[in-house]
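In the two assemblies presented below, chain A is common to both, partnered first by chain B and then by chain C.
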Partner chain A sequence: MAFPLPRGITPPEISFLAEMEMVTILPRQRLEGLELLGGPVEPLLPPRRASLPLWLALLLKRQRRANILPPPWLHPESLSLILDIETQHHEYEHTFSPPPPLPGQPSIRDHGQRPVAVPRYTPDGGRYYPAPPFLPQNVAQDHIPAGEPPSLPFHWLEVGTMLLDAASDDLVDPDQTRRLLKELREVRTAKIRSGVDVLDTASTGGGGVALTGVGAMEVGEGRGFIAGVIDGLRKIGASKEQARREQMAEDMANGGYGATQDDDDDMEF
Partner chain B sequence: MSYYDIDSILTDAQKLPCTFELEVPGLGILEGNPGDNIKAGTRIDLPLWLGEMLSIGARLGTSRLVTLDIPSALSERVMNALKADPRTVDLRALAPHFYSLSERVLELFEEEEMVDVLINTFKKRASEIADHAHNPMGALGDGVEFLRGLDETERQLFRVAHDSAKETRIWAGEAKKR
Partner chain C sequence: MDIDDILASVDRNDVSSPESAVLDHQLLTRFWVAERGVSELLPWPEALMNRMMGRVRKQIETIEDLAASSSDPASNNSNNNPNINLKLSILQTDLSRTQYLLRCILRQRLSKLTKHSMHYLLRVSAASSSQHPDSQINTDQQQPEDSIPDLTNVLDPSPLSAQELAFLRAHQTLLAGHFGASFLSSFPAQLRRLDDNAGGVSMVQGPDGREMVFVRCLVERVAVVVPPGDGVEVETMGTEMRMGDVWVVRWEGVRGAWERGEVEIL
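Up next, the complex of A and B:
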């Protein structure tokens, strides 16, 4: 028989990837710096905060060697703000709340500003532009920049669920947080479901559907169904698409330079 | 569509009404009386693969052997029903591989309007399928009637959506494994 697992990646795999996210911890014990395959881990000195990958932070938390500082968005206040954006705002009635801005990307506040990507440099001097999996979206922040609305990072559902599981005593009001996360998830699932109506734009040539702000787990969950619907629509519309292409090729063949030649064609009839 | 795709083989076996344009000696077996000739103008339901070959396989200069007709599953009556309400039509009763069949038929006929009706139908039914698939009751709820009327393509969609929703629930600890 065929490979037993479905196409795409399974939820446990997605949450495994989410464990790469950096989080802030408050160590209770000293620990020498570790040289791991994923990069060096800074030495832990008890009163000082440190950024660790989520998997290591969870391990230390389970051994009661550290406390995890929750990321700023995993706070009842931020979550209810995001929930408000998702449900109340007219602008986001059918779309998802905006993801955290990339470095150099103008935030929603200042419209019309030209985005300027700020390059960073590796120790060897190579230039690179940081992108989501390697952006510190889940580390605790002391001061939140004014006017910056809270936003859900790519791995919000996985990080949120894992922190609620393992470190609920470190969170502010875990019950409220859990309830808000569940509500957010329901609202966004409903949006994905209602989005089926616009999928036919993705099945025709040159079309597309924006998935801005959709989280990793949501993409993983919807992958099979959404891809299936688009494929089905593409197959049904294949003959129409064929006709459209032929029409386009015909247009290109006779003329293609604009209206003047069309006028010439009309004269012949 | 691959060579060993069971669904495409089964689609090929679905019947298409054909009218013979010429008299064919010895082909009466298709009509059910072996040894006889098939007369010109006879209407017989032939499998898609045979009808397609006979209708386009004629040599240049000769008239076509058969003319094809649109199968009853895609008739005007069905299209009107789909236009009125896509959700209440039992596609499975019309043809088990309804969408694959219509795909093939649309390759043979130019039917702009049918494409639009079918795309709309597929979309409407897909969102309904998603609703049922995300329902933890699965196929036991109120939608039994609707789910029984899904064609093969839609069944696969339902299975995919249901499985991924279930996997996610298992990961989140809301459902038991197996």
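Up next, the complex of A and C:
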């Protein structure tokens, strides 16, 4: 009654979240710096580039006060490379192409390095690890390190669509980009559908299904279905799980603590 | 206490700094997504909310001052500042976005509270007082309102805020009165309570902690836990998540990790 929306953020809310991504713009006019609730905005001095949240960049773009520099992944060349990884690479036959690394996480190139998560601290003393949409995954880069494969950021579909809508004249070959985005979307949706078989693992205690590399909008689309299937399977298997837990309790009481869980197999989408 | 905690106390910069505004905005956004994604009520982030409300209030004043100065014909400074309308629209958009987040969080919490109102009332009263007043059990004048616990000496309303607790109490009193007036008064006195647990089955329903959530692992590794229950007394470990991974898991399996900020809800 107080709130009609279902559990989990809905697609419009995901777009709202994606509008907090930082993008690079080329301002066409001056504007002094502003203190916003989302943080300060640097002064705009043409022709110096500036990083702004996407919603502000789109606001300026619609009034022809700025041009948006597209992120490096939103380029026909990068997108077709990613599409190749998604379709040709047998390693990613059932999984999504790897997402851009989080801060402290080694990229795909330096395999074997251990990730080191570096926290920031909140004023309340808690630890805070930044994650999308608050990572610079969509800002323009002048030189991409050699050998770094392009990767789709978490909000790729929303950012891509919004930029194609509002700033298609700033993109390289918008028609080709639009076509590639559509193809990527279809390939990845098919992967989500084919992964339904393993959803059973997430319905048992301590188990889960990995969706690494998934996009925010894809989570939003699949949420209703995946949640329905998993929660349904969990209710069907509730008595079986209880029996298994009781068996485990008995084993532990007998000193045979070792056979904890049997669902540790690497089940991935 | 390790070196990180010592660094943390130095790192805690003052609230008025721009870095703190950025961080609070990110924390608020993350809390909003989590509150929307999880079936149970999350602990009320008192300090964060107070800081955000203070900032919103200040920002409204700034906008009003700016709007007043732009419409003031006496000062007529439209020449030296042609961007004042643009500035105002940016500031107002930013304000509306933050207000949307705050409003959405509050409405989502109200909806969770009204859905499982007795559950949260009993949880708050159980946390603050250990003994239950069993005095009204044998009266014949049992009313549905009697099932509302006494909340006068609740010191810590966690996970609710103080205002939410007041709302919840008023809501449940009205609801119980309404139920009593419309149909419960024609029932036998012992069947009128709203928190009956005759036969060992409680009629108070709570949120289901086993519902699934989408999470992203933000630290090196986090194990999905299985909380004690069904005869097993210890917490057992399940699947292990690596940094950057996105998983579909049970909420009860990652609640602890979420509280430590090691995973985020998507």
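By definition in this document, the second predicted complex is superposed on the first by the 236 of 269 C-alpha atoms of A that agree within 3 Å, B and C clash if a C-alpha of one lies under 4 Å from a C-alpha of the other, contacts with A are read in each partner's own complex, and residues count from 1 in each chain.
Everything below uses one rule, namely that a residue touches a chain if its C-beta (ideal position, glycine included) is under 8 Å from a C-beta of that chain, and two chains touch if they have at least 3 such contacts.
Here the structure is a predicted model, which means the values were calculated and not measured.
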{"item": "Which of chain B and chain C A:Arg193 touches, first, second, both or neither", "value": "first"}
{"item": "Touching partner for A:Arg223 - first (chain B), second (chain C), both, neither", "value": "both"}
{"item": "Touching partner for A:Arg127 - first (chain B), second (chain C), both, neither", "value": "second"}
{"item": "Partner chain in contact with A:Met252 - chain B first, chain C second, else both or neither", "value": "second"}
{"item": "Touched partner set for A:Pro47, first chain B, second chain C, both or neither", "value": "neither"}
{"item": "Between chain B and chain C, more extensive residue contact with chain A", "value": "C"}
{"item": "Intersection of the chain A residues that touch chain B with those that touch chain C", "value": "199, 223"}
{"item": "For the chain B and chain A complex, residues of the former touching the latter", "value": "99-100, 102-103, 106-107, 110, 112, 115, 118-119, 122-123, 126-127, 130-131, 133-134, 153, 156-157, 160-161, 163-165, 167-168, 170-173"}
{"item": "Chain B partner contacts - residues on chain A that touch it in the complex", "value": "6, 10-12, 15, 161, 165, 189, 193-194, 196-197, 199-200, 217, 220-225, 228-229, 232-233, 235-240, 243"}
{"item": "Residues on chain C engaged by chain A in the complex (per definition of touch)", "value": "4-5, 7-9, 11-13, 15, 18, 20-27, 29-30, 33, 36-39, 45, 47-48, 51-52, 55-56, 59, 62, 83, 86-87, 89-91, 93-95, 97-98, 100, 104, 107-108, 110-111, 114, 210-212, 214, 216, 218-220, 224-226, 229-234, 236-239, 241-250, 253, 260-262, 264, 266"}
{"item": "Of all residues in chain A, those that touch chain C in their complex", "value": "1-3, 5, 7-9, 13, 16-17, 20, 29-32, 34-41, 55-56, 59, 63, 65, 99, 101-102, 104-105, 114-117, 119-131, 133-134, 199, 202-203, 205-214, 216, 219, 223, 226-227, 230-231, 234, 241-242, 245-246, 248-250, 252, 260-261, 263-264"}
